[in-house]
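One chain, chain A, appears in both complexes that follow, with chain B as partner in the first and chain C in the second.
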Partner chain A sequence: MDINAAPLLEVDGLWVRFGRTRGRFAQGQLEAIRDLSLTVRAGEIVAVVGASGAGKSLLAQAVMGLLPTGATMGGALRYKGQPLTPKRQRQLRGREMALVPQAITWLDPLMRVGPQVRGGDNRPQQAERQRAVFARLGLAPQTERLYPFQLSGGMARRVLLSTAVIGTAQLLIADEPTPGMAPGQAAEALGILRQLAHDGRGVLLITHDLELAVRFAGSIVVFYAGTTVEEALAADFAAGPAALRHPYSQALWRALPQNGFEATAGSQPHAGTPLPGCLYAPRCPLMTAACTQQNPPLRALRGGMVRCIHAT
Partner chain B sequence: MELTGAPTKAGTAKRVAWAVAKTLLRAVSLVLAATLVAFVLVSLSPVDPVQQYVLGADAVSAEQREAIADYWGLDDPPVQRYLNWLGALLRGDMGTSLLYRQPVAAVIAQRFMNTLALMLTAWVFSGLIGFALGCLMGMWQGSWADGILRRLCLALSSVPTFWLGMVFLLVFAVGLGWFPVGFSGPIGMADGDVTLWQRLHHLALPALTLCFVSFAGVALHTRQKLVDVLQTDYVLFARARGAGRWHILKRHGLRNIALPAVTLQFAAFAELFGGSILAENVFSYPGLGSAVAAAGLNSDVPLLLGITLVSTLFVFTGNLVANILTRVVDPRTRVNGA
Partner chain C sequence: MQLEAANVTFRYTAKGPAVLSGVSFAVKAGERVGLLGPSGQGKTTLARLLAGHLRPTEGRVLLNSQPLPAKGALPVHLISQHPETAVNPRWKMRQVLEEAGAPDPDMLGVLGIEPEWLERTPGMLSGGELQRFCVARALASGARFIIADEISTMLDAITQAQIWQHLLAHAERRRLGLVVITHNPALAQRVCTRVVRLETLAHPAPNSASAQ
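== the complex of A and B ==
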């Protein structure tokens, strides 16, 4: 990771809410993401790790400007230092920022694979580029004439990734790019992402799989109940709980198979549950009365960030 | 890589032959069932066909009535009568219409063209208008324009055909005088002398009625399909790659909704046929629809069965085309040869 590289994407205090914003029933809102901050630089993979169903996907949609109707967002998004307005998001989508498709359903079932990977671009150069990308990813040339339903699992993954490789996008957002994959396949997919990062792109990897994130990402953002609780280097996770800062990160580490599979009691509070203090308090072994006073702010600690008043 | 190999020629031919045989079998059994039902219904009718037949003529003696009934085979048991009809049909004889006193085949031939012209006009226009409108509504789903149009379509698709026909008749024919009140040509003019323009002029109002009652359904269906497509992952992904609204409609929308729309349009033959019966009766338009109503009301069994036969085959053809289209056009079934 090159700390000195200019940030590609900066997310600062992002929140996403559902429900009415206008009208009389503003209290009917659901806060799915609150006070989320992270930075992605060129050449690195930043992983956002959290349990499934914690609203992580909304992060990708918020950055791309593709939030579902009914969702509102706030906070600051910047791309290459400039604010990401809806207009700019529209201009940058597909050109500067790209989504890495998750599953074969992200391809039009009635369209041959080649033209889909090429996007709307019908120039011969683009077809050549597509063939080069297919070759690079080990896809046979005739693959481009197939329909998505004819692809085997392994081919499908590579075709999906090729949509990210072929583009010019500097920032790649991969939201759970490995669902239902065997460990070897997931590693293959992430290996391709890492190559892309080596080529100088920035990758925002959103996943529930801490193990993969530790293996492939440079830094890890731990996501809990809609907010960032810790930002650490992947190396800190590799080093063990002592190097980690937040009790939840330590619990995640202990839950890894090689560390004893130890599950933490309790479950994540539902998005929008109005807890006055620290959202982790109900499950936290270090909890004190002070923890329930207010949501702790994110603070710098030992080269990372943590949202915990007792972390040392 | 698992690519289904191209099916062998002989294998394909065999499969096609089997499919054709199955289709024919289905068509025949359908026709038998439909005509049987029609026959049973008309047999239960209290209307005495002989009475209807001699209505105009004075002083028909009981013996003469008896002779007519005998000639038509009315005294045979119903099963015998149905089998008689079936036997004649197999010899290519559809019988003689009691009502029109002409061979049934001639009556149908003459009226089928009228109905076909009416239905085809309504079919094409309701399909095109409905599809275009549905696309627009789907693309701006949730907007106020979509809301208004959707309610309008819902209202329109629940309006009975005959009622709409009468409203059009009152407004455009009686009130404004833009269109003739009925029939397929000017009254009193020999059929051969009617110009194409006059035919179209007479066709317009019933076709408009029929088009109006069916395009709303097409529009609503198209809208729903497009809304579904726009919520798929692949459209979200297309948007994430920078595609705009029209680009998405052109590239993914039309591709994915065209086939169901066309299929539905062919499958809608039955509905359109039902609608045309009502419209033809309101406008006294001499098509199959008005003939079938007259045949039913007058216990004209040969004509009723003849029209049932033809319309069943007609609707069956529509469904068949719909099925074949699904098979041939969709790559998921085509490439697999399934």
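== the complex of A and C ==
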């Protein structure tokens, strides 16, 4: 990671809310993302890990300007130092910024996957590029003639990944690109992302797979209940709980099948439940009365960031 | 009880390639069999055959040595790798759950399903949240065999551990048979009583089946 490289993407205090109706007339607001911050520089892979439903996919959609209708957002989003307005998002989307979506339902079910990956570009060199990307991702040549329903889960993910890899986008946001792939295929897919980063692009890798994140990313950002709770170097996760800062990150590490398979009780507070203090307090072994007063701000600690008053 | 695929071959189209060719596989009540293998080799196809979602081109799927019953609730339940494709997008989650029978409120708590989610449609929930509903639905369905096709790859590690410990406790208590499809060897080692690789299940000379 080159600290001095200019930031490609900056997310600062992002929040996303959904309007919802209660009964016939009453309306409420659901705060799905409360306070997210992160930075992606050219040449690096930043992995985002954390609880399912912590807002990881919404972050990707917010950056791309693809939030579901009914969502409102605030906080600062900047691309190459300039604010990302809806107009700028439309201009940059698919050109400067590309998304590898999580749900395989984003593939057009009525279109063969080859033309779909080429994105309407019918020039022969584009077909060549598509074939080269497929070959690299271990997709057989005849795959391009298949429809999405004929693909296995892992094949569909690789097709989704090729849609982003084939372009020239500077910023790639890969939302869970590897589920359904065998370990070797997943490593190959992330190897491609790492090479793209090496060539000067920035990659935001949203994943549940901590092991892959540790192997391929430079830094890891941990989300919990719509907030950033820790920013760490991948090496800190490789070193284990003692090197990590937030109790949630430590619990996440201990829950891996090879590290104890420990199921910390409880679930993250739901977006609808207002909690005055630290959002992790109800499950936290370090909780004290002070934790229930206010949600602590992010602070620097041991070369990373943490949102916890007890972390040392 | 035993669920068995006996020498099954499957093609998606009449002239297409055989996705599975002469595969035999069996799981007994109380067993938890891990099924490993590369992507695109037919693990999910085998899961769909075992659950009766597809019929084999050749060979048979047997429950206690009988063909799968054509009528009534099948005691084999498949939990899909893509929860967003396994729920009706226009239904509220309450309807989705009740499709398989009344949910046990305790189970919702253990699986971390918030009561408020029941009033939402699938589009308003994350993949991990939807998968908890699919697990709850599978356990409420009274199935004797559960086929878990990559059910926790889209979940964070803590949720994965929670869901599996819940599923394992149920499987143990009710002597369910489980087929666990996964790419994670560490997970297979944790949750399975034995592990097989798909490529070892086909009979020798798989070409003889396609030549007929």
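Throughout what follows, the second predicted complex is superposed on the first by the 255 of 312 C-alpha atoms of A that agree within 3 Å, B and C clash if a C-alpha of one lies under 4 Å from a C-alpha of the other, contacts with A are read in each partner's own complex, and residues count from 1 in each chain.
By definition in this document, a residue touches a chain if its C-beta (ideal position, glycine included) is under 8 Å from a C-beta of that chain, and two chains touch if they have at least 3 such contacts.
None of the values given here were measured: they were computed from a predicted structure.
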| item | value |
| --- | --- |
| Partner chain in contact with A:Thr105 - chain B first, chain C second, else both or neither | both |
| First, second, both or neither for A:Leu252, with chain B first and chain C second | second |
| Partner chain(s) touched by A:Pro285 [first = chain B, second = chain C, both, neither] | neither |
| Residue contacts with chain A in the superposition, chain B compared against chain C | C |
| Touching partner for A:Leu210 - first (chain B), second (chain C), both, neither | second |
| Contacts of A:Arg93 with chain B and chain C, given as first, second, both or neither | first |
| Which superposed partner A:Gly81 touches (first chain B, second chain C, both, neither) | neither |
| Chain B versus chain C as contact partner of A:Pro124, first or second or both or neither | neither |
| Which superposed partner A:Ser152 touches (first chain B, second chain C, both, neither) | both |
| Common interface residues of chain A - those touching chain B in one complex and chain C in the other | 102-103, 105, 150, 152, 155 |
| Complex contacts: residues of chain C adjacent to chain A | 12, 37-44, 81-82, 84-85, 112, 114, 116-117, 123-129, 131, 150, 153-162, 164-165, 183-187, 189-190 |
| Interfacial residue positions of chain A with respect to chain C in the complex | 18, 49-54, 57, 68, 102-105, 150-155, 176, 179-186, 208-210, 251-253, 255-258, 261-264, 266-267, 270, 272 |
| Complex interface listing, chain A residues touching chain B | 64, 66, 69, 90, 93-95, 98-99, 101-103, 105-111, 119-120, 140, 146-147, 149-150, 152, 155, 163, 167 |
| Chain B residues within the chain A interface of the complex | 1-4, 142, 232-234, 236-243, 247, 251-252, 255-256, 259, 330-332, 335 |
